[in-house]
Each structure stands twice: as structure tokens, then as C-alpha cells.
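Take this structure, written in C-alpha cells, and hold onto it; I'll ask about it next.
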Amino acid sequence: MALQSLDIKQRSATTTPAPQARQTVEIAKLIDVSACIGCKACQVACMEWNDVRDEVGSCHGIYDNPVDLTENSWTVMRYAEVEEQGKLEWLIRKDGCMHCSDPGCLKACPAPGAIIQYANGIVDFHQENCIGCGYCVSGCPFNVPRISKKDSKAYKCTLCSDRVAVNQAPACAKACPTGAIQFGSKEDMKDYAEKRIADLKERGYEKAGLYDPAGVGGTHVMYVLHHADKPDLYSGLPVNPSISPMVALWKGATKPLAALALAGVALGSLFHYVMKGPNEVSKEIEKEVEKEDAQ
Amino acid sequence: MTNHWVDFKNADVVWVMGGNPAEAHPCGFKWVVEAKKQRKAKLIVVDPRFNRTAAVADVYAPIRPGSNIAFFGGVINYLLSNDKIHHDYVKHYTNAAFLIDPGFKFEDGLFSGYDETKRSYGSKDTWKYQMGADGFARIDETLQDPNCVFQLMKKHYSRYTPEMVNKVCGTPKDAFLKICEIVATTAAPNKTLSYLYALGLTEHSNGSQNIRCAAMIQLLLGNMGMAGGGINALRGHSNVQGITDMCLYAQTLPGYLGAPTDADKDFATYVAKRTPKALRPGQMNFPQNFPKWFVSLTKAWYGNAATKETNFAYDYFPKLGGASDALSIFNDMFMGKVNGFFCQGFNPLASLPNKKKVGDALAKLKYMIVIDPLATDTSEFWKPHGEFNEVDPSKIETEVFRLPATFFAETSGTLTNSGRVVQWGWKAANAPGESKDDAEIIAEIFLTLRKMYAKDGGAFPDAIRDLTWAYNQPLSPSPEEVLKEINGKALVDLTDPKDPTKILFKAGDQLPSFGFLRDDGSTSCGNWIYCGSWSQAGNNTARRDSSDPSGLGQTLNWGFSWPVNRRILYNRASADLQGKPWDGSRTVLKWTGSKWGGNDVPDMRPDAAPDQYVMPFIMTPEGVGRLFSREIMADGPLPEHYEPFESPIDNNPMHPKVKSNPVARVYKADMEAFGTAKDFPYVATTYRLVEHFHFWTKFSKANAIVQPEQFVEIGEALAKEKGIKAGDRVKVRSNRGFIKAVAVVTKRIKSLEVDGKQVHTIGIPIHWGFKGTAKPGFITNTLTPYVGDANVNTPEFKAFLVNVEKI
Amino acid sequence: MQMNRRQFFKICSAGLGGSSIAVMGFSPTAALAEVRAFKLARATETRSTCPYCSVACGLLVYSTGDKSKNSHSEIIHVEGDPDNPVNRGTLCPKGAGVRDMMQSKDRLKWPEVREPGAKEWKRISWHDAIERIAKHMKADRDKNFVAQNKDGVTVNRWPTFAALAASAATNEGGYITVKMLRTLGVTQLDTQARI
Amino acid sequence: MIRDPKDLQRYDAGERANHWVVGIAFILLAISGLAFFHPAFFPLTQLLGGGTWARILHPYIGVFMAFFFVLLFLRFRKLNKMTDADREWLSRAKEMVDGNDHNMPEQGKYNGGQKMMFWWMTICMVVMTVSGIFMWKAQFTVPIDLARFGAVVHAAVGALMIALIMVHVYAAIWTKGTIRAMWYGTVTRAWAKQHHRAWYREMTGK
């Protein structure tokens, strides 16, 4: 076992399973929105660790900057001013890859080994294998991957796979000043979330809860939300995300059906030829034509 | 701050008003979040804007900029009238029981003794304690005497009703009362409130009194000296605390030793005036040690020239001739009274109010020396940068020198955080190009001057000649040598005063504490409060043991906390008269039977048994905390609400005759440059954003990316009125100039009803300028008024008037 | 036929496997998936303090090289010092991006002078800069120094020279600065702490 | 085979070139398309210079093919109008497949099956082009659900199209003497009389 520093669970566009014998700990990042002050330390720590720098943009009349994820901004804060029952709340969510257990990007990816899901749950893009088709963009239920304008490769949060591989927390989690980002085993993170949710409920957020959507098999980036019943309040966090049925159809049923259909046509033709023989001009007509020529 | 960053986690209630730690101090704010998570603490935020601290607060209340004292007064009134105070604490540890001169009065907005012609309190005699025949202040332990501080306070603050708070501050009454209720819970002896503030309290014409209000509330609640309590100035730069301790400002010498003024004709007068006598029997009255600290400083600076015979080189210290704060300096400069200006790591063009005035002042200099790692706006005040800096260089005769300095990790040395912890940092890389350390640059300038004076003579060369400069490499004083000098050492063998045969320290030994400093010239110490930072044991600021046996976050073996490694000031007040902690689960100090022990270095004579009644506030001659500040403040012994100099309302609702701070210094031209609500109907307040640090990070690409362009924040109501949409460009004008910026339209700034009038607030972040990587912007302080706090002249950046229009 | 999502996916993937066999595609290249190498391996780690706010967070500054004679060190990364009791490894967006500040394109690299009326900077040597500054200072001081005030009290001050000092300099730098300024007689002195 | 001067000209040079331009483009598209569609075919991308080149070229080849298909369409659309005879032919297609053309009605230049192939190809071309544009991230940005819809349609219709082309090719192979029409343009009169009697009459006047 040599070629990877993290065990692989599955790789894109590969029909045979990766070695599955080793059982390593499943990790997760927990974002406690109720403790988030929207300081963007995670954004800058991400830029600093991964050596990516976006363009200096401009102010769009909101605090969000950069305004959206890009190939150089793998995480951004999204700010929503919500007024419910006269109480103003500023719901600030760190957006980025959710590292789904059932990753739509990986499902959609046609390039073998361009997207890897590690056994610990990290879904990582390997740009050297990426062909730049953007299928991952269509595959993602959270609108995360971005194609670089410079090199046409897809980029997104790696969950700092290079740090996790040497047992360090992702850069954002380490930096987070208020501990709104926690990192550990998925089980620990769920336990921690439970405590936070209990505290929030005591403070009057009766609908507080954990966002770990089952539609994508659970995620390795989870949120503690004060309003878990309304995830869309948080700048449009999907209420019930899943891989789009169209993508499922495209990368699911279509594949075997089409392959079978094509094989059927090919084999059908072959056997038709073998069994029925060629469709030749009949001797009769050949003679007729010869006769005409003789005239 | 009286406590320290990690100590916030010990609080039951955290009250932030006049600060925004989530944005300005995120990593310190973590301990507030920790208090919420671990202790179920409540976080209160009072601010004109629903800011990022408010985003995680339990209770938020809006307030009109510049009306803090009305709010505080309301809280004091609530606590007093609902009897929500910590009685034993107030009675014994504050001056509540002290009797004040019967002539003391407050009428029509003025305290007794006001002199209108001088705009100051000419006589403060009535602000003093009644003195008994025994030479001590008189007290009434029953707190019933109408002239006792407690009764005077009750009377004074009875005017600050919830209705009045609502009228002046615009804060909804229910939100105000809810906050009072939560604050009042900490009057219980075992509950604490940690008060957090920063420039939101200081940058007002009543800044000092704002802070006093917070301190008074903490005294009433018995929260000073407690773990999870205190009054905590969050402060600004990484070493703003250390530079303040080193006293790089006119009024004091290192260690807060009052600098001599023209009134201090000779050494004896100077020392006598600064060495107080105890106002109550048996009190420590620690400032009585002033001569030891001052003499040790003179030995550190002038060595053998500082002897008894020369009055310890007293005349080598220049005497202050008058005001000398940043505003007065630039006013003098503006008047053409200054030739040379030394500008070290400071960007006054951006940082001081009224950029036009500051720029014009700089243009009147003959020469200016800028020492900075970065190409600051100030260093290019003479250079045209479009509409951001419209100047004509051919008309500016200032010769500007710009010297490249090192940045933090390019040099070693100590920084002191606002929890007073002095920490050593190590050099990680060389600075670019030919950059030099500040100390090297100073050494070069100084030694060149010394050579010139030695060769050619000149005005008063004595001090220049005699200044100690015994560094191994004179042109490059190492931080190690300098810190040792600051710490101080024995100059001769020091013997034990109780046993003269016993030698405590040999000549040349580093001293472990200021307790060993002497006033006879046998010790030297560059800054008494730093004594102990580099003892014979070595560099204590470089200690890196972060163990925390108490669980309170005291980490006594991490770095060095002045004074004498004490982490919580006034910690004697965390225990009752008998020395039993008010809260046994958070013991800071306790009387062990023979001495003070616990989890901190005692802020008390270690063997002062409780029955000696030595009170906890050892830096005051009375030994107790001051609810009534005697004659110390310029604008009154009890804080009173005055309107900002630019106010949206016509009168002070508390007292129509006196609108704004009656003793704040205003220069004539600046008075004329104030705007009125008629032309500038909206209140503006300036502030910082989490993505940027002052005017520095506009040079940092990462920060320019996460907040690239100048903007102003406008509430939805005003935006609708003015037809402004988010993302539009707007022009904001004050009577001193204009800026243009993108509009952020938000629900987070509400318009408030103040004194029957709807008042809108516009929020203006400060971080942009014409130099840097971020998009060029206008200097926000183009707008701000040139007036400061009545006591310390910190500019009134937080409340002024503007108008806004879409462009 | 009733089918839940999981069964559906199973069937699909079985079909996918089956169809691969059916079409007997080419064998894919070997699966290489290595994470990015940990970039700090063998970097030099230095403990420092963040230069920005007064929380004064502990920093770990990582630079290239091992401080050997011929290797020039360059800072490649900064993150929080987990041992520091206050920040415990965390950093805010300012601290986390401090490398960009140190390596800003606007860092000054050599002394410059802007002469009266000039439109541009002129590079000068340290020697010239210090000489010229000292000459200015001495001439000004000698001319305007006040030894005694009008009441005859010795005041020894230099009123025509003003200084503003950094709040981000080290204590040692600040101390040296105040020591010199007071000795020269400067009383027009203030610091960023006022503001 | 020796060419007989009496052979009938079925396609002129322009038509043949047009057909093969489209055909070659189709093959390249099919190869790269299958590679993206199913991992088993991914190594086919090597034929186009690797995955990234295949991704870059595929849509451009698609546009190229669409353009030449339009020309092809304009050339042949009149000849492919469906008639009653075509419909009858189609209704008896099963017999044809069984190898029994005795009951098949007389056919013009194209029989009903060929015409159906023509119209199916046309529909597929349109659908493939439009859905391909939805997927072409390098050039177009469409709402994500449209891109997803495009992907399903492109995949399914692409497979259908490949199947149809396989039928098309097989039909040419199966019906001896057909392929030469697209190589050098002529067919024997006997071939024409056998398979496209009406066209034969039209061409020979018999």
C-alpha cells in the first residue's frame, strides 16, 4: 500500500472498487453557525494554507467578499439579515464543499481519478486528472465546484487533505477564533453538536438542530443551525439536498441501458447477418439487367 | 484591562458597549464565546449598529452614537433604586461612604466651580472629601449622610429614568430594562460581569467619563478584582499597552510617572506633588513609592550624572509647557509653530480628525522623518492621488525623509497585550532591502547628533552627552540588553533593610520586583512596572509554560504580566473583608491564615491580615475604588451626559443650558467647522471591520480580497428615503469635506426616535486610503470633527453629523 | 415495483459494472491519488507575536531554509501558535493573512527623500539620510531650544519639534525612542494609543 | 470491381465529401462522447490526445458536424419526403429484415427506412447540438438544472444516435453493393432495380 497517504474509498470514473480492507476513522468538520461571527478568518486561512489568492474585487453593497466561491476562493462567508417576529438575526454561514458521503461530483465525473473520496470522508479533486468538463458542477447539489478560467481545472475545498493526512486539522478549523468550526471524528462532532443544540434550545431556539442531510448520505461538513427547520434562511442552504434526479439518471440508469442498447445493436446486427445472410441483388434482376444490356 | 483575555471565560455576563470585539479582537472574543458555551453566560451588546458581536449576542439594544452616559446613568439609577448592588463591597471597597464637601453641587448641567471664561472648572475645592481632625477623609458607614458619595450618586442619577434613557439614547425601553435586569443579576457576590470596551467609549468628547461610568457600575456590582469581572479595555495595536506603559506621550515618563511641568519648579516640588499621603488609616497608598521609581529611572537614563547632588539630573527632563496631545500638536503645526516632525509607525493623515487640516499642517513643516515598513498615506501627503488627495506638490516645501523599518517578525523583542502580558517574539526572517530596526534607526540618529554636539557644541548638550548608551553594539542596541535595562538592576550590593549584614543582591544583579527599588540612586530601572520581566532568573517574558492549574486561565508561567506577574488587578477585592473569596469556585485570592494565597500574585501586601483593614485598591491613597472621582477629572466627579459637539438634536434633554461637554477643548477654527443638524441631519459614526486593521491591511492582498472597497452602511429607512440601493455609490459630506463610497443598505442600523425626532445613523468604516493593494478610497477622517475628550483629548470619531446623497 | 433510492443506486451500479463487462472497455490506468505534500515539512518554525491588535496572538512563522549560511530564508506560511494561552492556535483574518502584509508590494526597501517642492521620491543612502536628518534636527534645536521659561524656571525643552510614536513597535524600540526624544528635550510627543 | 459506364450515379462528389465529413466528425464525437459517458471507454480519449484534449475538441467537432449536417440536410431533405409507398414499406419492414423483399412496394431513391433514418438523424442532431450547448461549460453558462437536463438528454440521445448509425452502417454492409455509392458514387443498375426500382425507372427511363 504505497501510492496514497489516505486510504481511498472510491474514485471517479472507475468501475472496480478501491482496496477496502483498512478501516480508518471517519472525520468531519462541524460549523456551529450560532458561534460564527463572520470574521472570514477561515477564508483567509484557507487562502494562506492553500496558496490561493483571488482578485481584489469590489463591494457589491453587502459584506460578502469574494461574493461567490471561485477557483481561488474555496470557502466564502454568506451573510443573511433575517427579521423574524421583530427580532433581527444576522445569520452568517461559511459556504464551501460539504464532502458528501454520496458525492454528486464524483458520480458525475468522467475522468478516472480526478475525484477521490477518501475513506475518512474527504472528497478531493485531483487537478492533474481533471479534464475540465465541468460535470462535477452539474453533479453537485450544493453548487460548489468551480472551473478555473486559467487552467480549466475544477477546484474546491480539499478539507485540507494534506493537513488531515498528517493528522492536522484543516486550516479553517484551526484558525476559527470563536471555535465555530470544530474538527474531529464524525462521531465526536455529532456529540459536540448535540451539546450545542441543547444550549441553543435553552436559549430559546427551539428548532435548533444538526444539518447532516441524509439525501446525500450525510456530509463531512455539518452545520449546527439555530433554525434547523429552515436551512434556506442561511443564504439558501438546500432544505433537502440530494443528487439531482437528472444527474442520477444520467450517471445511473442511462449508462447501463445505453451500453446494453449499443451492445444489442452491434450483436443484433452481427447475428442478423450470420443468420439471415446479406441482402444481395437477386440473380433474376441481374439477368434482367444483363438482358437489357444485350439488347 | 484589569483582567485578561482568557479571564472572559469566567464571566456570567459579558457586557459589550463601546467595543466590537468579534470584529476588532476575534481571538480574544473567543473567551466570551467560551463563557457562553461553558458557563451559559449571557452576552449583552449595546451599539448603534447590530455588528458582528451582536450576531452572537443574547440581547442587543441599539443606541444613538454619543449618548452612552445617559444609558450608563440609567443603569446606575436602576441598580441604586432597585437596590441591586453588592452591599458589603460597596460599603467597604468603594468610596460610597466618604463624605464630600457640603459645597458640592450640580445645577443646570454644571458642577460647582465652573469658570465660563476659561471653559474649565476653575475651582474644584468642593469636589473634595471632608477631612477629619486626624488628617484622614471622613466617612459615614451607614451611607445615610446626604453628603456621602452614595447619597450624592443616588440624587445625581435619579434623573436618568428609563424614559429619559429612551428619550436621549433612542434605545427602546424594554430592551434597556432587559439589559438592566441581566446586569443586576451580577450584584450577587458570586456572580460576575465582565465589561468590555474599546474606542466606542473613548472616542467621544466624554470618553473618559464613559469609562468611569462602566467602572462605577462594576464597583456597585462588586465585580472588580473578581475572576470574570473587571473593566476591560480591549485596546488597539499589538503593543499599544506596552507603548503606553513606556509612556511615549508627553504627560508621563515610563511607568506612568507624571512628567514634570513648568509648575514643578524644582526636584523637591516635583516629587512632593506626586507622592500622595494616605487618605485613610493603614492603607498601602502604593504611589507613595514614587521617588524610588523616578530615581531609578534617572539612574537608568543618566547613570553617573544622576546623583543626589544633581537632583538626579532632574533638569535633564524637559518640562511640559502646555497641552501636547496629538490634536494640540497638529494644531500647533497648523499654526506654523512646529518645524520638525518625527513620525514613527503612525499615519496621522489617516488617523487624526479633519484630514484637510492635518494635511495643511504637514505642509507647514520644514522637515519630516517617517519611519515605517510601509509607504503610508502620511508619507505621501504632498503627492497628488486623484480626488483622494488633491494637493499641489510644487507649493509644499516640507522635506520628507522616509526610512524603511522592520516589520514584526523581522526583529526580536517584547509586545504587551491588553491583558498586560509581556511576550517575547523571535525574529523569523530578514526585512526586505535595507530596512532597519527602529532601535537601530534611533541609535543612528542619536549617536550622529551626539557626535555633532560633542564636536560643535550647541543648545544644552548635557543630557545628550550623559545619556547612557552602554550597548555592546551602540548602533544596534539588542532587545535583550534594552529589556534588561528596562527591568533594572542593583548598582551596588543591596542589603536587607531588616538585616544589614544580609546581601540581597550583588551589584549588577537584575532585580526581580519593584519592591527592591530605592530612592537613593543604588538601583536603576527603566520602567518600574516592568521590573521582574528580566530578573536574575532570565528573560521571564519568554516563558512558555501554558499550564493552568486553577482552570481560571491564569497561566502564571506564561510570559510576564506587569505588575509583578499579577494577572488580575485589584484581586484582593475578590475576597470579603475576612479574606474569604466571594465565589469559592473561582478563587483568585484568599487569606490563608498567615498570608495571601490563591491563584494569582496578590495585589496586596502579602502579610496584610484582614484585621488590618488594608483595602484592595492600593493605587489610591484612600485604598478603595472611587465612585466619586474627587478633583481628578476635568469635567466633573460624577459622569454627566453631554451631547456630542455635533448633535442631531437642538438641546441636551437633561439640561437645556449646557449642551456639550463644558470643558472640552475646542480651537476656534474647529468650532467654526462644526456642522449643524439643519445642513447635516444624519449622525455618523466611524469604526473598524474585522477584515482590516486600521490603515495597514489595505496593503495586504489577503485582506484586500476579503474586503476590497470602501463602503458606508445605511439603514433601510434612510436608504428608502434617499432612493439609495445596495451597491449604489454615495457621497457623504460633513462640514469639513466629503467621501464617496459604495452603499451597504442594511436592516442592522435602525433609525431611532430621540427627543421626539427621528434620527438616522450612517456607519463609516475607516480602513481605506490612497495607498495600498485594496481599492483606493477616501480617508474617512476627512469627515470627522477636530475635538477631543475633555480629559485626554481623544478625538470624537464616534458621533458627528453628515449628509448623504446618491451619486 | 417499489424501490427506494439506495436500492435504485445499487441496481444502477450493478448495471454499470455489468455493462462495463459487457462492453469490455479498455483497462484504466493505475489509480494514483496522493494528497498534496505537507508543505511545512523541514520548514524553519519561529515563534512570534501577531503585529496587529492587542490580543497579541502567538504566531508560528514558517520560513524556508535551515538558517544555514548560504540559504536565504523566505517566509512561506504563518499560522497560530497552539501553545499561546490566549489564541490557542486560532487567528483572525488579519493575523491569518499577515504574510501578505510582510510581503506587500508597498514595503519600503531603502531610505528616500522628497525634497521641497519635488514631485517624486529620491533614493538616498542611509548615511546621507541620517546626516541630513541630524543636521535639520540640530539646527532647529539649537535655534529654538528653550532652556528657561519666562519665569526663570529651567524647562530645557525643544518646542518646535514634534513626535508621534508607533503603538506596534516593541517595548524595547519604544523605550529607546522615548529615551532619546526626552533627552533631546521633546515634549510635543504622543502615541497612537491616544487615538 | 470494374466500373461499368452504365452504372447509375447515385451521389456526386460533393455529396460524398459532405457525407464523409459528417461521418468522420461523428466517429470522433462518438469516441470522445462515449469516453465521457462511460469509464470503460475513457481510454478512447487517447485517440484525441488525452482526456483534456478530448474535452476541448468534442464540442468544436460537434459544431463542425452540425454545420456540415445542415448542408447535408439541405441537399437531401426533398428526397426524404415521406410518401404512401414509404409508409407501406415501413409497415412491411419486418419482412424486409427477415430478408424477404418480395412484398415490398417499389421505392424511389430512398426507401421508408432510409427516410426515417434521415429524419431521426436530423432530430438527433438538433437535440444533440442544443443539449451539447447546455453542457459546454467553457463557452456557455446556463441554469444548473438546464445543464443537468442537457447532460441526460445528450447522453441518452447520443447513445440512440450511435445505435442508429450502427444500424445505418450495418444496413450498408448488409445490402451488398451499397457502400460503393458512398465511395465513388455509383451503383449497378441491378442494385438500383432491386432496391430502388422507382428511382431505377426514373434514372433509366425504363
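Note that the chains are named A, B, C and D in the order they appear, and that numbering of residues resets to 1 at the start of each chain.
Here is the rule we go by: contacts are C-beta pairs under 8 Å (C-beta built on N, C-alpha and C of every residue); 3 or more make two chains touch, one makes a residue touch a chain.
As the structure is a computational prediction, the values presented were derived from the model and not from experiment.
Asks: Comparing the two chain pairs, does B-C have more C-beta contacts than A-D, or is it the other way round?
Replies: Answer to which pair has more contacts is B-C.
Asks: Please list the single chain whose C-alpha centre lies closest to the global protein C-alpha centre.
Replies: Looking at where each chain's C-alpha mean falls, the closest to the middle is C.
Asks: Distance-wise, how many Å sit between the C-alpha centres of chain C and chain D, to the nearest whole number?
Replies: Spacing between the chain centres: roughly 66 Å.
Asks: Cα centroid separation between chain A and chain D, in whole Å?
Replies: That pair's centroid distance is 38 Å.
Asks: Centroid of chain B to centroid of chain D, CA atoms only: how many Å?
Replies: The answer is 84 Å.
Asks: Would you kindly tell me how far, in whole Å, the mean C-alpha position of chain C lies from that of chain B?
Replies: Centres of chain B and chain C (C-alpha means) sit 25 Å apart.
Asks: Mind pulling the residue numbers of chain A that touch at least two other chains?
Replies: 13-15, 39-41, 43-44, 47-48, 53, 112, 177, 179, 255, 257, 259, 262
Asks: Which positions in chain B are in touch with at least two other chains?
Replies: Within chain B, the residues that touch at least two other chains are 26-27, 30, 690-691, 701-703, 706, 773.
Asks: Going through chain D residue by residue, note those that touch at least 2 other chains and give them in order.
Replies: 38-40, 42
Asks: Can you list the chain D residues touching chain A in their complex?
Replies: Residue list for chain D touching chain A: 6, 35-40, 42, 45, 51-52, 54-56, 97-99, 101, 135, 137-138, 144-145, 147-149, 151-152, 155-156, 158-160, 162-163, 166-167, 170, 173-177, 188-191, 193-195, 206.
Asks: Sort out for me which residues of chain A touch chain D in the complex.
Replies: Residues of chain A touching chain D: 13-15, 108, 110-112, 129-135, 137-138, 143, 147, 152, 244, 246-247, 249-250, 254-255, 257-259, 261-262, 265-266, 269, 272-273, 276-282, 285-286, 288-289, 292-293.
Asks: Under the definition above, what is the set of chain A residues touching chain B in their complex?
Replies: Spelled out, the residues of chain A in touch with chain B are 34-41, 43-44, 47-48, 53-63, 65-66, 73, 81, 83, 88-90, 92, 177-180, 196, 199, 202-203.
Asks: Under the definition above, what is the set of chain B residues touching chain A in their complex?
Replies: 22-23, 26-27, 29-30, 33-34, 36-37, 40, 50, 52-56, 58, 60, 690-691, 701-711, 725-728, 742-748, 773-775
Asks: Which residues of chain C touch chain B once you look at their complex with the stated criterion?
Replies: 44, 46-59, 61, 63, 72-75, 80, 83-88, 90-102, 104-119, 121, 126, 129-138, 140-142, 144-147, 149, 151, 153-195
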